[in-house]
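Presented sequentially are two complexes of subunit A, the first with subunit B as partner and the second with subunit C.
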Partner chain A sequence: MASPAPPAPPPALTLPPSQFARLQPHAYLLAHLSPPASSNQLSIRANGRAPSQFRPTSANTGSLTHTNGSAVVRVGDTTAVCGVRAELLPTTDIASWSVSHASASSSSSSSSSSPAAPKSNSSSNSADAEESQIQDLNLLVPNLSLSTGCAPGFVPGAPPSALAQSLSYQILALLHSTRLVRAEDLRVWYEGPSFTGEEGGRMDVDVDVDAEGERDENSAATKKEIKAFWVLYIDIMIVSLAGNPFDAAWAAVLAALRDTKLPRAWWDVDNEMVVCSDVVSEARKLTLRGLPVASSFCVFEADAAAGWRAVIVPDADEEREIEDTAKRGMLRRWILADPDGYEEGLSQERVCLVVDKEVVGGEGKTVIVKMEKNGGWAVDSRELKQLLDVAAARWESLKQILEQC
Partner chain B sequence: MVAPSATLSTLNRADGSASYQCPSTGSNILGSVNAPVELPGRRDALKPEDATIEVFVKPGTAPAGVGERYVEGIIKTLLGRVILGREKGYPRRGVVITLAVIGGESVGRGDPYLVLLPALLHTALLALLSASVPLSMTFSATVLAVDASGQIRREPSAEDAATAQSVHVLAFSSKGHLLLNESQGSFDFDTWEKVRQRASAICHGTQLVSADGDVAMVEDVDGRPLEGTLRETVEDQVYRDYNWKINAA
Partner chain C sequence: MTDRRRINGPPSGTRPAVFASSLKSTSGAVIERPRRHRQPNELRKIFLKTGLIPSASGSAYLEYEPSASLAAARSSPKSLIPPSSALKLACTVHGPKPLPRSATFSPNLVLTTHVKYAPFAARQRKGHIRDASERDLGVHLETALRGVIVAERWPKSGLDITITILEAEDDRWWGDAPDSHDAPWGMMNVLAGCITAASAAIADARIDCLDLVAGGVAAIVSDDEVTEEGKRTPKLMLDTDPAEHKSILSACVVAYMPARDEITEIWLKGDHSKASLGVDDSSLNHEALIDGAVNAARGAHTVLVEAVRESAERYAGLT
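Moving on, here comes the complex of A and B:
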């Protein structure tokens, strides 16, 4: 009797990586980030990036012809399209204009030294006393739409989800708090005929506050007044959502505003209306204040049982122990820059930093414009300081991208 | 500095409720918690092992807008780590938190919501405690404004916050973690470190241990720590609730 052939090993239960990623997402990402020491592999994210590496970003401006400014920004697979449309708001349509403006103009001559006026950044040259007009009159109207079929979870055509609404608000709040758009750019002035015969200052000359003293008699004589405002409708469509919508949306807003051109508008006395020139060469670009760049992070925690076990919160002292083990090479949590959709689903803690750089005495100084951290306790001042450096590096790279487009 | 005041279980029909007044920011919040409740149309695929937290913020005079959605998101994420949604009876059910702004400055479109945020968070916490929802820890939060000269001002009013250089909201857990940070306006990291230290002192009463091992007490600057105020409010309520039992013994 011939000896039986050695039994074939039972077929091992093998799964392709993509299925493993769906079934055990947490273990899958953890296995990538903490490979066994024997394998000599680098700790790398499931998408092949290093923990503090951002996705490749590209920007393209001026794609939409019917807008005043537009941009498409692609961060990995997240794509945001932003269009800026400018509409005129005549001051006659502002209900409280005659009242509020009368009081504002009387105070504006003395406000250069008033402490109540918020000091502008040292980089911006003019402290505009009526900068709050943007906020008071709602001259910036951003809206973000996620119901484009951008991701399976978002039904196309559905009413704006809570995420879309809160992103719209974040963009609006950031536009206000960074004071990115100058109110002066949005004003349409009318200068009455000068009867004194002096060479009248053109509308764009007399922004500086210092000369206001001498100019006071002039302006009283020429009677310069605001006839209308430009309202910027900033519409953002997230065409494809693969995590981190805020960074992409904000970059798109930034690129679109840099691209925005407003036509020359003036008050036509005979028709009593504001008319615009259709000559492209007369249109002027917005002069933005700075270039705030957003970078988001998420924290992935290595607790494999996190999916089912009751939550155990480490004490602040235990936190230090965790840090000590981290120094010995046993990482238990990773801060991942620019998370994609897969990583966002696996982490609760988020950090968002918006930084700008201004040149003080020849060297660039990083200014934080917004810093958010929520949903956990892994990130404290030490981690935030490190993330600030990452965000500053991101600022440099995004600046190049935006300047090239 | 006038300390904030709070009352627990002010509403009869809700599972838990609290009202909270902060005189320095001028906010007055009423909060109610219903938990655990059955939620209609719950998709089990979402997170079957955990409770769903829903937060509604109702502004005083206007219908809720995008700003409220944003604040709801912040509160929800923070409470998501605090509420033990896996305790018995909670998975697949909902914890519904409603916070109504019933006094103080109304927040306009695009205005920063940060000034109101600590009051909203405290109200939510007290209402959760009043509803006996299991929590992994408590927390306390504060808002600080930094003006152009670098002065840190505790719990500014809405006008002060509007003129400030930067506004920061920080929440610390009872175990000393930084749970939440929301900062707006331009500032640098050193300023933020100072703000964090001050906020920690306001919430916990002690400053961080300095390099030489000193623990500086700053109670005299900021009055009683917020953590203690909240704790005492709850203690008082518990004492009142169990009055019959304590006195009978």
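Moving on, here comes the complex of A and C:
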């Protein structure tokens, strides 16, 4: 109190942090990430997270009444609601079915005598042909909608924006490439009566189910055919968007598919249609292949004009210089995991990794399902290896979240 | 015509699953229609929360308590066919924001409302493009809100209200023939929910309003109970779940401002004049129906006040 305080700067020049963040977004984030060396602080993002920290994630499944499976996934402030609806596609409605089926039936009858039997013994070649039915017949129909008022930029009622179309397609491509859903789960089989005399009760559905074991022996005599397919309409509504919609949407798809139950369906000869049972205990869950988890990253560069540089491969000197400064504790670029909307607007380079883990001999092995990187050259093979470890850690945490819900 | 901006399913289209129990309902065990366990003037509980969507200037999420039959079906599932459904919707408000350059001058706030069902919201899969009923709901919502907002405080600006319905109310019980009572009664409940949620979201966006407008539904229903004279006695019920009633004769939804005792939107549908030829005719005229809807709106208003208070406290805590 004794010493006179230095004259305060005029109040017109002071800004609350939120306004500074809006006026100088790049400088704001940079100031957060590179604290003065004297302060001995770790670099931390404007949202309070460490560079490789993901936002808190929560998932909830099965809350929507009119779906076969549903999930709500919140990743920070980004919320995705996914509902899976199953509808039937009778094979009589497939234009090319009678042609393609004639060639496919010979292999399927020999390789898979029973639909419930595991496919491990069948050769991988024929298994691939079986799985391609999902892709050929469009049995998985994911659509993502951003026109829910989730963010100010998206006009409700307008056709899907380029981002929404791209996200829908990425999800479809990932569903196909991971072969997450088994084609066998989507088939509705019919086993015609064999007319050998003793099998009078075969027409009756209940007997048919009980006589599962007996049927296998006689399967050569009976003619099995696919009467219909389940088509899964996977609709994702991004209810709230605050960056990184793909991770949230994919997690919602994954959680909803894990929750999906298909009713038992059979071919009803009298009505000449596929009929389902509404008994819950007879419905079965989908058996998914693995648990691919998506993790997205963005690269923030200290040089604000980095994105506008002339497109040349950086020479070795420049790279060495950056590495030297990094050794001295002055980072020039940061790889930020799970970017929020603010950080996404400040970075050009994106990385998306989808990983799964297989248990081989007691220990988990990380499998890269998809790797996508664009917009810059900051992430090299060395950085990608580090990101892979981050993604593997994310896989563990998301697996726990999905198993709890 | 395929929609090339979306991923389409099989070109020949697909069919919804047909359940065996609905085909041979005469032979097997008869499935019970869900019953209303509430009193005639008892409303379903409403869950209303504001500010769940931070990127919007105002937002609200509304959910109705599942009916007793649905709650039972959830806790111990037996059938895959849900007995009834409970409304769930999210509302966002963006604005006030400047109008686009191409727009003509407006001395008032320009209000636009969009109501869209999610494809999985109803028993029948909904399309991605807004259909006529969704546009109709949007227009009803706009009239309900236009009377509440003090529009002249924001000249040359626009306000976008978007509602996404994640789960809609049933129009009738699923076991009934589709043409028995063909009016879409579920839409009226949806509209009432939309009005209440939009009101909370507008207050959450801190846009000046005359009052908090709340939506309410009342209906005159005639159920199976038959009096000794062999006549069915129609009854006035508040907040009807269409799945729980055999026949709804007429229904009314209002948007009501309790502080000013004003109605900004009224939508009455159905004709109960032929059915209500009983002795106490006066208790079942249109005025009674509207009064019932107003009472339902008063009930929703108490929930609305709580939600808006929560929103104000959150705002005061931040600043």
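Please note the rule applied: the second predicted complex is superposed on the first by the 330 of 405 C-alpha atoms of A that agree within 3 Å, B and C clash if a C-alpha of one lies under 4 Å from a C-alpha of the other, contacts with A are read in each partner's own complex, and residues count from 1 in each chain.
In this text, a contact is a pair of C-beta atoms (placed from the backbone, for glycine too) under 8 Å apart; a residue touches a chain by one contact, two chains touch by 3 or more.
Owing to the predicted nature of the structure, the values given are computational and were not obtained by experimental measurement.
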Partner chain in contact with A:135 - subunit B first, subunit C second, else both or neither: first
Which superposed partner A:368 touches (first subunit B, second subunit C, both, neither): first
First (subunit B), second (subunit C), both or neither touched by A:385: first
Partner chain(s) touched by A:348 [first = subunit B, second = subunit C, both, neither]: first
Touched partner set for A:159, first subunit B, second subunit C, both or neither: second
Which of subunit B and subunit C A:376 touches, first, second, both or neither: first
Touching partner for A:401 - first (subunit B), second (subunit C), both, neither: neither
Touched partner set for A:21, first subunit B, second subunit C, both or neither: neither
First, second, both or neither for A:177, with subunit B first and subunit C second: first
Overlapping contact positions on subunit A, where the subunit C interface meets the subunit B interface: 138, 165, 168-169, 172
Residues of subunit C that touch subunit A when the two form their complex: 5-21, 23, 52-56, 59, 70, 77-82, 85-86, 88, 90-94, 97, 114, 116, 118-123, 125, 128, 130, 160-164, 166-167
List of subunit B residues in touch with subunit A within their complex: 49, 65-67, 69-70, 72-74, 77-78, 80-81, 84, 86-87, 109-112, 136-137, 148, 162-165, 173, 175-189, 192-193, 196
Touch list for subunit A against partner subunit C, complex: 64-67, 70, 77, 79, 81, 83-90, 93-95, 137-139, 141-143, 145, 147-152, 156-157, 159-160, 165, 168-169, 172, 231, 233, 235, 237, 239-242, 261, 263, 265, 268, 271, 273-280, 283, 341
Subunit B partner contacts - residues on subunit A that touch it in the complex: 116-119, 121, 135, 138, 162-163, 165-166, 168-170, 172-173, 175-178, 307-311, 313-316, 319, 348-350, 356, 365-377, 379-381, 384-385, 388
